[in-house]
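See the structures that follow.
Each of the next two complexes has subunit A plus one other chain: subunit B in the first, subunit C in the second.
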Partner chain A sequence: MTDTLNAKNHSIEKYLRQDRMPHIWCSGCGIGPAVSCFLRAIDRAEIDPNKIALVSGIGCTGRVAGYVKLDSFHTTHGRAIPFATGLKLAKPELKAVVFSGDGDLVAIGGNHLIHAARRNIDMTVICVNNFNYGMTGGQVGPTSPLEARTTTTPYGNFEPPFNLPYLASASGASYVARWTVLHLRELERAITEAMIKPGFSFIDVIAPCPPIYGRMNKMPLPMDSMHYYQEKTIIRHGADPKEADITLNGPILAGTFVDIERPTFQDQLNHISSKVNAQV
Partner chain B sequence: MNGDSACAEGAISAGCRFFAGYPITPASELAERMSERLPQVGGVCIQMEDELASMAAVLGASWAGLKAMTATSGPGFSLMMENLGLGVMLETPCVLVNIQRAGPSTGLPTMTGQGDMMQARWGSHGSYEIIALAPISPQDIFDLTILAFNLSEKYRVPVLIMADEVVGHMSEKVTMPTIAAKDLVERRRPKVKPGKYLPYKPDADLVPPMAVAGEGYHFHVTGLTHDERGYPVMTVEAHDRLVRRLVDKIRLNRHDIIKYKEFQVEDADIIVCAYGISVRIAQLAVRMAREEGIRAGLLQLITIWPFAEQRIRELSLQAKAFVVPEINYGQIVLEVERCAGDRARAILVPHMGGSVHSPQTILEAIREATQ
Partner chain C sequence: MTLWRQPFDAAEKATKPGQIHIDKERCKGCDFCVDFCPTEALRMSVELSSKGYNFAVVDDESKCLACGFCELICPEFAITVSIPLDNNVA
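Moving on to the complex of A and B:
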């Protein structure tokens, strides 16, 4: 066990709704580890938990909101980001965190993702990317690699997937990172950095879905994905996110790709408001 | 001042401090006014990427404690139905303004219509009740916008302002009194400490007190069927309990919510039942009918939903017929017909949209109704 997992005051139980356990996630699911990293990052980033507003959309990862003992919102499919935008702009002292899946954030919610990044809204988006729609039974998603088998691509996927770090970066995000759920310490650190970072931060969390996507793509056991992540992850901080494409069973580029300073939406809003109030 | 601007001013007077919208004719002037005014009063105005996002942002802002509003028209109204349903389910106070244009689809974007009246009632999926108000002038939309915020805060439900292009774009004198704090309703906040708070445990009026984000309550809300803790419960019983309460908190309080005005109905045996801009045409038609010796009167529906069932039933005992002018091919007339039963006829005076009725058209229907 690592020092991080044993560290003092890093107990995550206080942030979990124990009265809602057991959770609905399958064994070997990657969402749990991502949630653990997030909950540890709250203390590590020294954020007041009373000021966190956690917003989820719909899907397996959409259920995160229901298990955390924070002000938490389980909203509509794809709309977690604009809901969080309203929360954050109405009460700037809040720390807005969006926790959702690849289908929710990038397919049905794709428009909101790119515009929140463009505006540099001060929020952290944690995207659990398991390459398929798990909750509805394993259909093809916006990140499914070419040739992947899903229930709606029985002959193999022929749609090119989104490269999420590249998409977030090109849209204007201030902080973009990718880790797999094997890289718990790195992921925890990335979420910490993202939550401290002013502006729009995005973390692509590569996660297994053993009983559904994994079963259809020759990785049916939880350990299959872990071995894959161990063997095929290439860590390169500062890498051009353009190179972060993911192919079926191919290499996974991980690291912090973007960490830049850019005025946030709130900065600009404050600037305009002070100008207006000077005139009035 | 035009109706769109009067609506924006009414919202600010009501304490609205957040607006999220997307440009659409004929509601754009409302967003423009808000973008100018909100920064002056310490509020936030944001133009979102679409109407789905606008409605979602309004809900988020309300949960952060601000009074929040959006405004749109036909196609945008359709897009807002998704998160309107979430607003109903989470019991989120907010106001949605629809400056109606003529549909279906893109229809007549710059010209008037009243074709979204049933969509206002049933547009989002599932069983629910909602509040909708219909203004007839710029002054009226100013006043009704304040009422809309008050009702939404009181009953924790999205309130719809179902205006139309003519009301939105016409310019008339608007008196904007300073609204005293005692005339503004604020949502009930929890009286218990965090840890004891049950987000969906209702008070006697079936409305639960509402915590907002960032105050340590650590509440969870979900669009899933939920119990008093706000936790998802996937059972028939929990769904029955929740949906009944969401509906009943409006139905059982309908006497407080429903408003209408009457003109010369005391002795009327023909009653024109109108709403929105059509009220003003109907007033002319009723006057003309009276000059002809027809005992005509006018019932102006201010609250469209919940529907003024009881009043229509009562009037159906004295009236021979209701004449219902609508800028659509028959929507509210169905409700009038249902409530009037076989006691009085309900006669639709349809107008497909793009302009208002001529008073003569309504007058002719009144004459026919006497036969």
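Moving on to the complex of A and C:
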């Protein structure tokens, strides 16, 4: 029966700000399923929701902080990871989750991403990757594939894009995965694993952007991107992230690429400070 | 294939049809739930919602197996799938 939503039944409705709904994202946006998976993963990981700090930057994905009923923080452009680092250092018992887009995390915040991964700070970074700057009208970004048409590259993009799983794993992240918003059960499990994992975990979520990126690249309907993911995704766990390059209309390599143990920033800090205290 | 004998717990383990609730004022008509429903229990409406979108409606609720994929994939958080409690079993 088509009827109004029974808020008590919906498992994630308790984590959403009802008064902010419906959200501003376009029809067929991939951020919604990613948020849905994240909110389910909180219950699945059995983390106290009061101990989660959700930090997001600027952009469409930056709006996530305003829509969830967790302790959330909407920060300046590209600085979501520094704010989360500060939160984590001041209150190490908090679970810092950074939820932001590719234009925010990898373009202006690229430096912060690689250094947080190098230090292995205990946080989960969920990067919703839609290959362009969606909110400002679809400009070319650092993840736009070669030859992709955007509003600023109408004849095709000529800059080679970042390979995000390779970037994160080379910088030293302890958990790196990539899923599309069609692989929702896997994405939910990956976010759960990433939140439980101590250390820097990075999840690249490939998401459609139908009215902006899709319209310029012959995928104008929301279903076009989803069918592309369905046909072209190759799931290969433990694959070398070097091979996870994305080309225009090419295959998408998905799976858990890196899952290693490394001492976190807090561990190293405690180790050095205990050594210093022993000498004094 | 016809079984000449039913398992003892066949009635207990049988898949119970789910109940789909769709908030038509949240739906923006992206078609994800309709296209990816494994049992084709949903369809798009002909009429428009107050914001001018065709919204998803339940076509045949008896087909729903409560897998919950529509609930998960809905970008608008508009779908809830519940399994009605059967008082006779408990």
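Before moving on, here are some points about what is shown:
As a convention for this text, the second predicted complex is superposed on the first by the 268 of 280 C-alpha atoms of A that agree within 3 Å, B and C clash if a C-alpha of one lies under 4 Å from a C-alpha of the other, contacts with A are read in each partner's own complex, and residues count from 1 in each chain.
Note that contacts are C-beta pairs under 8 Å (C-beta built on N, C-alpha and C of every residue); 3 or more make two chains touch, one makes a residue touch a chain.
Values in this document were obtained by computation on a predicted structure and should not be read as measured data.
In the superposed model, A:Ala53 makes contact with subunit B only, not with subunit C. In the superposed pair of complexes, A:Ala90 makes contact with subunit B only, with no contact to subunit C.
Applying the stated contact rule after C-alpha superposition, one finds that A:His115 touches subunit B and leaves subunit C untouched. In the overlay built on the shared chain, the residue A:His23 is in contact with subunit C alone; subunit B does not reach it. Remark: subunit A residues 17, 19-20, 49-51, 53, 55, 65-66, 69-76, 78-79, 81-91, 93-94, 111-112, 115, 269, 272-273, 276-277, 280 touch subunit B in the complex.
Looking at the complex, you find that subunit A touches subunit C at residues 1-6, 9-10, 12-13, 16, 21-23, 25-33, 36-37, 40, 181-182, 184-185, 188, 221-223, 226. Subunit B meets subunit A in the complex at residues 17-18, 20, 39-40, 42, 44, 46, 48-50, 52-54, 56-66, 68, 82-83, 85-86, 90, 212-224, 231-232. Contacts from subunit C toward subunit A in the complex involve residues 19-26, 28-32, 35-36, 53, 55, 57-58, 61, 69, 71-78, 80, 82.
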